[in-house]
Amino acid sequence: MTALAETPLIEAPLIEAKGVTRSFKVGAGLFNRKRTLHAVNGIDLTIRKGEVLGIVGESGCGKSTLARILLGLLPPSTGTISFQGRELSTLDRRAVARQVQPVFQDPYSSLNPRRRIASIVSFPLDVHGIGTAAERRRRALEMMDLVGLPARFADRYPSELSGGQRQRVAIARALVMKPEIVVCDEPTSALDVSVQSQILNLLLDLRRELNLTYVFISHNLAVVEHIATRVAVMYLGRVVELAETAELFANPRHPYTTALLASILTPEPGLGIPETGLGLAFPDPLNPPSGCVFHPRCPNAFGPCATVVPRALGQHPAGLVACHLHDPDYNTANNQGNRPS
Amino acid sequence: MTRPILEVANLSVDIRTAGGTLQAVRDVSFSVGRGETLCLVGESGCGKSVTSLAIMDLLPRAATRRVSRLAFDGVDLARSGKGAVNALRGNRMAMIFQEPMTALNPAYTIGDQLTEGYRRHKKAGAAEARERAVHLLEKVGIAAAGDRLGQYPHQLSGGLRQRIMIAMALMCGPDLVIADEPTTALDVTIQAQILRLLAELQRELGIALVLITHDLGVVGRIADRVAVMYAGEVVENGTAAEIFTHPRHPYTQGLMDCIPLPGRTKPGERLGVIPGVVPSLVGGIQGCPFRDRCPHARPVCAETPPVKTQGEHAWRCILEDA
Amino acid sequence: MTGTAFPPATSAPSSAAAVAELSAGARLRRRMFGQKSFVFGVGLLLVIVAVALLAPVLAPHDPYAQNLSQRMVPPFWYAKGGWEHLLGTDNLGRDYLSRLLYGARISLLIGLSVMVISGLIGTTLGLLAGYFGGKADLIVTFLITTRLAMPVILVALAVVAMVGGSLPVVILVLGLLKWDRFAVVMRSATQQARALDYVTAAEAAGASTPRIILGEILPNVFPQLIVVATLEAASAILLEAALSFLGLGVQPPLPSWGLMISEAKTYMFFSFWLIAIPGTLLALLVLSINLAGDGLRDVVAPEGRG
């Protein structure tokens, strides 16, 4: 602990997760046998100040569970997670709340329909008992101004606002306590294209102005490429690849990343629809495949993939890839031909 | 050129609401050739889904449809009775919905739902219908097709359900398939697979496809022709190549600037925006519906904008080229 | 939203804009007066409540004063009726109108008290089960199932027969027996609200559990609570009438409408009005409560409809 305390805060990672797993018991009722779902399965992740960590993956990959863990709402089943060098279990929930705040996907369910906009934005201040009622309202109006909402919305209800305006309210609420990190869980997926670009611009502007750190969860890879500085690719509860954004998009190493990138549809007529080569065998998360969980869909699977769980292989400064194709122990002549191009 | 499979001329749909009459679709005209893919693209509330329901005569009770011509294979459905449309629907024209879980009936097996329409429209026996269902399930890439017939929708994944919806649409050998956001609820890799399948089947079977989507990426990759809708109107209509390489309407141009494009937009830079919000369609709109948000708007835009054309490319704007 | 089936109300800024053109108050008034059944229900209920409150002022006679020389006087519209006793007198010569006015108080008191007691129990259990889930949910579900296995009327009869019937006993017994519907409805409504992101956002803001339950969830399940509360109040009034009719509810000489029906049943064939008037009033009261509750749900949450 002393070593940690001596480290200057600026260099310490904001969030550090080590071997985090989270499992759920699935199966309702008194008499049914419960099954275990490993939503997040052994994740190591460091979030550094000022970065935008993109987390991509398809439904059921555990990205939303990871978001709840990072928000301090869900304790990990095993593993440790620390916020600015302090272990989560030693922290009060309010202390975590001051550092990490969420923005959710659906702006229609993320705002309490019975509260007025100013009251929604100042809610975190109320909870923490910061300032007087008048100060809190003034602060809410400042935040509304910051996210581009006119003050006349202060006493309206969410149902009177459009989707984009509501998402601005959610962002204002997330920022009202001046957190270090904002966890954005699919913040633009429910929005129209023209509104999406407004919200993305706003998030980028706010990051510059307030020196924020984002965890940006999305299934839209074009958006992630645009906003993230580093990207973690998740598959069935694990991070299979982690790299700087430019590096990941230019030179994907995991076959799943390759397939994901191939699936991006850009509006370029004449290119046709890409073949992902993934096949149809979508795994049952309650009964995941042995070895590498991706092997039944992997076009490059070979010998050890069905039996040996791949280890996370380090890759330049802050990256990793979990794939036998890149493991020197298996990197023999018999699979050279299967390497992705 | 052969006769188009679908011709729509001056289609308007009004929906009665508590606040007044919502002019959801206004004066929409387009046609779809045999074997052609037309994408109706636009943001929520632009009327693209209402247009498809109006074509299929599936509008809710509160809606009224006005159309000067709605012809399927040369027969004007607007002038023929309800029976004519019913005989075509599910038979020569089929529909695929966004959320297969709600479009499939959870109480019946996949087999029942696949064969029902076929047996009714084609007066076929159970064995023949079953044979065709197995054939089509294999065609949409479903292994162990025979076993799948006995399963219920909840036993299948989203991607498989959407494949079954496609197989169901193809059962009677349709000439036209209308797909409303068929891949929006799916994961990206599954989306690519389903679209690829749809495009392959369409080419192979010579089906005309009307695809309704908000995703310009999907449009760019699958469309032959594109109709861009805004506030209930088709504001631009042309071949995919023309629309994407040389968009004429300010709204289309604005949309293109809004999406991050790998290679074209610089990461972290501001994206283009369309300021303002869609106008209320309650009570009717005078002039160009986009003028409040348009960077090129002039006083003359308060009047109904002219339709300019160049070859197959048409756009509703005072400008030759914004 | 505007209440149309589509375009999908979840993402149509245009309809939001259309709604925003009216002020919140104007919209509320429009919704309230747009429903004739709501206006009728509330109007009738207000009349009954006012009459009950003003009973000492309005009643022409002492409801307990017997006058054996004036027994069974028919209402004024009968030939033998008179203006002295507008609605006649009962078998003990008590002024029927006065008894009805005071009886309204008893019926309303019972409906309200039972609603409050059972509402507190059921809402608390439902909120806890819905919010915490897991073991709390299993326990509450077990309690609900147990309670549903007991027939209300029989248990109430048995208890009243043992303890002796009186107004407080009837209220307490019914209050302790009728929380099940509150618990069932509040449990499922809370489960739904709990899954919404604004609850997660409140958790992420560090809000305490009581604050989330009372401040974020309760206001959003309120429309359902209102519906159950009115149904239960109406049903409690009917149950009291049933108990009193069987002689195990409110004890004479208290003027409860149920008791009045019970007392009148002997004279049903000779003096039909004795049973018809309180019976009609009881039906009207229950109807008005149900109409008001039904309308109130729509007024409070128009989006909650279908």
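Some observations on this one:
Letters A, B and C name the chains as they come in the text, with residue numbers starting at 1 for each one.
Here, a contact is a pair of C-beta atoms (placed from the backbone, for glycine too) under 8 Å apart; a residue touches a chain by one contact, two chains touch by 3 or more.
Computed from a prediction, not measured in an experiment: that's the story for all the values here.
C-beta contact counts were set side by side for A-C and A-B; A-B has more. Comparing the centres of all chains, each the average of its CA atoms, the largest separation from subunit B belongs to C. Here the spacing of subunit B and subunit C, counted between their Cα centres, is 50 Å. Distance from the subunit A centre to the subunit C centre is 49 Å, each centre being the mean of its Cα atoms. For the pair subunit A and subunit B, the distance between C-alpha centroids works out to 32 Å. Multi-chain contact residues of subunit B, defined as those touching 2 or more other chains: 44, 277. Each of the following residues of subunit C touches two or more other chains: 11, 13, 17, 19. Shown for subunit A are the residues that touch two or more other chains, namely 162, 164, 192. Subunit B contributes residues 43-44, 141-143, 157-160, 187-193, 195-196, 199, 214-223, 240-241, 244-245, 254-262, 265, 267-268, 270-274, 277 to its touches with subunit A in the complex. Considering their complex, residues 58-59, 162, 164, 192-194, 196-198, 200-201, 204-205, 219-223, 225-227, 245-246, 249, 259-260, 262-276, 278, 280, 282 of subunit A touch subunit B.
Of all residues in subunit A, those touching subunit C in their complex are 30, 68, 71-73, 93-94, 96-98, 100-102, 104-106, 108-114, 123-124, 127-128, 156-157, 159-164, 170, 173, 177, 190-192. Every residue of subunit C that touches subunit A in the complex is listed here, in rising order: 1, 10-11, 13, 16-17, 19-20, 24, 138, 196-198, 200-208, 211, 216, 219-220, 303.
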